[in-house]
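Structures for review follow.
First chain A sits with chain B, and in the next complex the same chain sits with chain C.
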Partner chain A sequence: MRRTLGQSLSLYGGLLLIALVIGLPFWWVLTGSIKLPKEIIQRVPTMVPQSFTLQHFEKLLQASDFPVYLLNSMVVALFSTAFTVLLALPAAYAFFRMEFPGRNALYKTILLAYAFPGVVVLIPLYGLFAKVGLIDSPVALVIVNVAFALPFSIWMMRSFLSSVPREIEEAAVVDGAPTLTILVRILMPLIAPGIASVAIFAFISSWTEYLFASVLIVSDARRTIPVGFAGIIGQYQIDWGLLLAGATAAIIPVVILFALVGRWFVSGLTDGAVK
Partner chain B sequence: MKNTTLAIAFVSPALIFLLAVLGWPLVQAAILSFQDVGVIGSEGHFIGLGNYATILGGAGFWQALGRSIVWVLSNAVVQTILALATALVLNQKFPGVRIARTWIILTWIVPTVVVVIIWRWLLSSSGGIINPLLIQAGAIDRPVGFFATRESAMATLIMINSWRWFPFTTLMMLAGLTRIPGDLYEAARVDGAGTFQRFKRITWPLLQPTLMVLGVVGTLLSFNVFDVIWLLTAGGPAGATQTLPVLIYETAFKGYRLSQAATISVLTTILLMGFAFFATRAMAAAEADR
Partner chain C sequence: MGLTRILTLAGFAATLLAGTAYAEPVNLTLWHMEQPPHRVQRMKELLDEFNAAHPDIQVKQEPQSWGEIYAKAPAAFAAGNGPDLLFTIPDFTTVLKGIDAVVPVDDLVKDLDAKHGFVKATLAPYQYDDHVWAVPAYNMAISLWYRNSVLKAAGVEVPKTWSQWQAAAEKLSTDGKSGIGLPANKQLYTDQTVYSFMVNSGAADIYNADGSIAFDKPETVKAYDFYSKLAKLSPADNGTWTWGEAEACFANSTCGMILQFGVINTYDTQAEGDAADLGVAPVPHADDQSESATISYSNAIMLTTKDEAKQKAAKVFLTWLLEPANYGRFLTMEPGLFLPVTDDGAKADSFWNDKTVTKYKSQVETMIANSHTGKLFGFTTGKVFPSIGAISAQNVIAETLQHIVVDGQSAGDAVKAGQGRMSEVAKK
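Let's turn to the complex of A and B:
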């Protein structure tokens, strides 16, 4: 079907507008991070950088705690991701492929947990972690991150599991394969995109988490990126060059991850969505 | 596949974990709300409904609730408009449509603190781009402080939060749009219906179930937003952006009134669960009418 001139104009005009609204703020941050300090605070900002320097990145890596924050964030995010996948996968399989009493009620309750306000359990969790000596420990962050990523992760597996024809499992059962073998050998490769999208969701949730990390972590050396940065923002004299370089560096890992498996993540987010 | 034992073995790790990390603390919060604990770690005594009388009798809770309602409704309106417009554009066929549908979510996958840095810088009066742009457009005479007055602080936060969340809403709407059968549009075209007519008679009514689900989920998700508000205004100026999550955090960790914070937490939970319950019932009823 052919578009009229008006339709084409509104389509490409709309696309341009969307690209500007989403892309321009990022463009200013990325280009800002390589401008000289005096260009950064120039009264009329420059669209295209007139100067080039890596001094902000040098400062970020050598004179700030950023490398420590980065490492902490990485460790917490990777462990959170691994445990979320380990817990979500069998649960999702049971919810969407098996039958057991109370399945629906249980599934709805778990879904409700996704919309649960974190700040509500922050206070009692702080007390519980204090009792078992987990304050200021990355373990506490992993526990919290997994708990908040888990409900949505289970839900996301739904569309991927339902795309696998049941005949495949039934054939395996007829062949006499034990259920676990079916899961690991046959199903896993088929739902790999689903596992990837759960992993990326868990990673992003953890990478972004601020509230719990700000309360449960006390010492500077154990802070994650969000809390570490918040400390820099709060200082009296803001070093914009440093912050923009930091923001750029914090965006890169998720962008790389997204470039690799983003397509699956988006389909996991939307396919089973509206039901 | 029927194998109850195995199913329970598969579900229980996740379930036990969630009960321990989310369920049990909720019970603890309820217990705490009947005591008089101040600083974290100190002992408390049972004081019955004392905290509830204090909180419900004071103005702070009700004002924060009011701000939360303004916050949720404004975010819903702004995000629905932005997301619907974006979804209608991305629902068409054009080269690179896949890339556009994937990378639209960029604002949602970067850490909140990065969103905060981006907007603090863009809105800053030295080096920020927004002020010069507005001056050039003739909207303002000299640089303004976007977080300086009560109204502009709230409005600015709503715009920033919507910028972060509307791509997520867009993807959900796209999922709803792709489920509308294409033949409906073909038939309408044959009957001579224009673009606006097709939107009004087909897209809008058939998108209602999606919008309703988004309304419920979106309400809960925006209600819970804490970090964007805390990092940009910390609830200020003069409490103008202190929503319920911010109030809970401040009461517990700045005011050192732990039991009162737990009380507000319990009240908040009751409110949200009540909303979720009635909203899903209303949705089921609407579904049955259709």
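Let's turn to the complex of A and C:
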């Protein structure tokens, strides 16, 4: 069916509007990071930079511990993502396929974990981690990040599992495949986009987590980006150039990583799924 | 002397020397909230110097954030891994004193006062319940900032009274520019600027001597009423402002005047940087008041260790830090913002020789003079009540302003509601 001119204009107009709403803040941050300080704060903002400098990035990389924060964030986020996926997948499969007492009730209540704001458990968790010597350790952040990402990840993963035709599993059972083999060799390739989605969710949750990282980490050398960055910005006097350069540097690795990871996962979608 | 005796003495001496050589230094952990990289670097330089000169004491810094320290420090002390020295502001001290984490420093402050002469306004917020609870480290006070050229072009004098201030702000509000930039956010900066008006209308005390709230009075209403008039001359986005936005507004010349602790660094690096044109003055006072006052934050250092050896070492460190030769370099970790709390610190070459301080000498001198008239809400009567921590944390002063500028209430009604809120918070 061909679209009318009006429909096409509405469609492209809508797409353009959405692209602008999503893209403008990024453009603003990106271009601001290469403007001279005077241009950044000038009364009439410039959409296209009238000046060019890398001084904010130089300051960010040379005069601050930003590279250390970046590395710490990367380590914590990658481990949090890996453990979230590793735990969410079998848990979701158990909720989806296995029969055990209280399965439905447990599945429905799993999201209750989000009913408690993080700040409520902050102090008890601090005491707990202090007792086991995990204060100022990235391990504590990984544990917290996984604990908070897991319930929703299980929900997401179960939805993806339920979209796989039952006949595929039955065929594997007929061939004598045990449960673990079915999960790893049959279902995992089929729900690769789902795993990618969960991984992205877990990674971004960890990458942006501030509250626990600000309290459980004490030394500067172990800070993650959100906390370290908040310190760089300052309270009474804000270095806007440094702030924008830091924001740009914090975004770029995530964008690059998921441009690659997302494509790799999606490319394997359902290849050779059915005999 | 027989050989045996010589050998015995030599052995004894060797044991003593070995004992000295292997004696563990006293390790101190210092938490401060000076997180920007250049401040951390300056602290590192100072600590390296101190540690080298005092091999028996080693101080390490662990920068923290003001945003989280109110939750983090009590948790750390409860878990037994809090710092030995901790930077503070007056209301934060009440929080930690409430959990018995702070050690009084009466004798140390007495010695340091005799040696260096503390500015009274910086010590007062830490003197209560028969003790001194922290050693003042640096001061910050709000001043009125403007450009001489802008005032001259508009034909206005530097305002000293509220009527002059309003007239100046109205005259400077032309060509899309705002005569003044005042925040109206429910945030600490607004608490501070509103209180700068209150101290200049005779409403400095928000507590009665018995601890009941003394917020609702004609002087407070007058301050809010005048603030709301000037807020109308401020940029429309002032409801979202913190310190940085106000500074940017001044730096890009949108705001003719602002109230701020300091603008020197931003003005120097992101605006004209013309020292002769940058003006600073005391916050104007109400027409029926005789002189100006301001809000000031005396930042201090608390002793938070119960270990006697550490306490002794911490006192050595604090004494070293306030020596004029070191103290100026501590203050100029943020030149043009951190002001001296001691008389000899205000004269120290190590302070005045800083490049930025030298360039903006007259402005810094005015800032120091302003800081001597500083007061802080909840710390003006010589008695301190624990509820000030909650009143400050919940930004009740700023919230009261929002009832006027956002909800359209009269100043009288808003202040009455503010009194109710403060009383309610104080009861909890």
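What we mean here is this: the second predicted complex is superposed on the first by the 231 of 275 C-alpha atoms of A that agree within 3 Å, B and C clash if a C-alpha of one lies under 4 Å from a C-alpha of the other, contacts with A are read in each partner's own complex, and residues count from 1 in each chain.
One rule holds for everything that comes next: a contact is a pair of C-beta atoms (placed from the backbone, for glycine too) under 8 Å apart; a residue touches a chain by one contact, two chains touch by 3 or more.
Quick caveat: nothing in here was measured; it's all calculated off a predicted structure.
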item	value
Clash-or-fit label for the pair chain B, chain C on chain A	clash
Contacts of A:Gly231 with chain B and chain C, given as first, second, both or neither	second
Contacts of A:Ile251 with chain B and chain C, given as first, second, both or neither	first
Chain B versus chain C as contact partner of A:Val139, first or second or both or neither	neither
Touched partner set for A:Val68, first chain B, second chain C, both or neither	neither
Touching partner for A:Val218 - first (chain B), second (chain C), both, neither	second
Partner chain(s) touched by A:Trp240 [first = chain B, second = chain C, both, neither]	both
Chain touching more of chain A, residue-wise (chain B, chain C)	B
Colliding region between chain B and chain C, picked from 3-11, 39-47 or 75-83 after the shared-chain fit	75-83
Chain B and chain C contact sites that coincide on chain A, given as residue numbers	40-43, 119, 122-123, 126-127, 130, 215, 230, 233, 240
Residue ranges of chain A in contact with chain C within the complex	37-38, 40-43, 63-65, 119, 122-123, 126-127, 130-131, 135, 214-215, 218-220, 227, 230-240
Residues of chain C defined as touching chain A within the complex	35-38, 40-41, 62-68, 71-72, 74-76, 78-81, 140, 243-244, 247-248, 251-254, 261-262, 265-266, 269-271, 334, 337
Chain B - residues contacting chain A, complex	1-4, 6-11, 13-15, 17-18, 21-22, 24-26, 28-29, 32, 40-41, 85-86, 88-90, 92, 94, 98, 100-107, 109-114, 116-122, 124, 126-129, 132, 163, 167-168, 171-172, 174-176, 179, 195, 209-210, 213, 217, 220-221, 223-224, 226-227, 230-231, 245, 248-249, 252-253, 258, 261-262, 265-266, 268-269, 272-273, 276
Interface residues, chain A side, partner chain B - complex	7, 11-12, 14-15, 18, 21-22, 25-26, 28-29, 32, 40-45, 87-88, 90-91, 93-95, 97-101, 103, 106, 110, 112-113, 115-128, 130, 143-144, 146-147, 150-151, 154, 169, 173, 179, 204, 207-208, 210-211, 215, 225-226, 229-230, 233, 240, 243-244, 246-247, 250-251, 254-255, 258, 262-263, 266, 269-271, 273-274
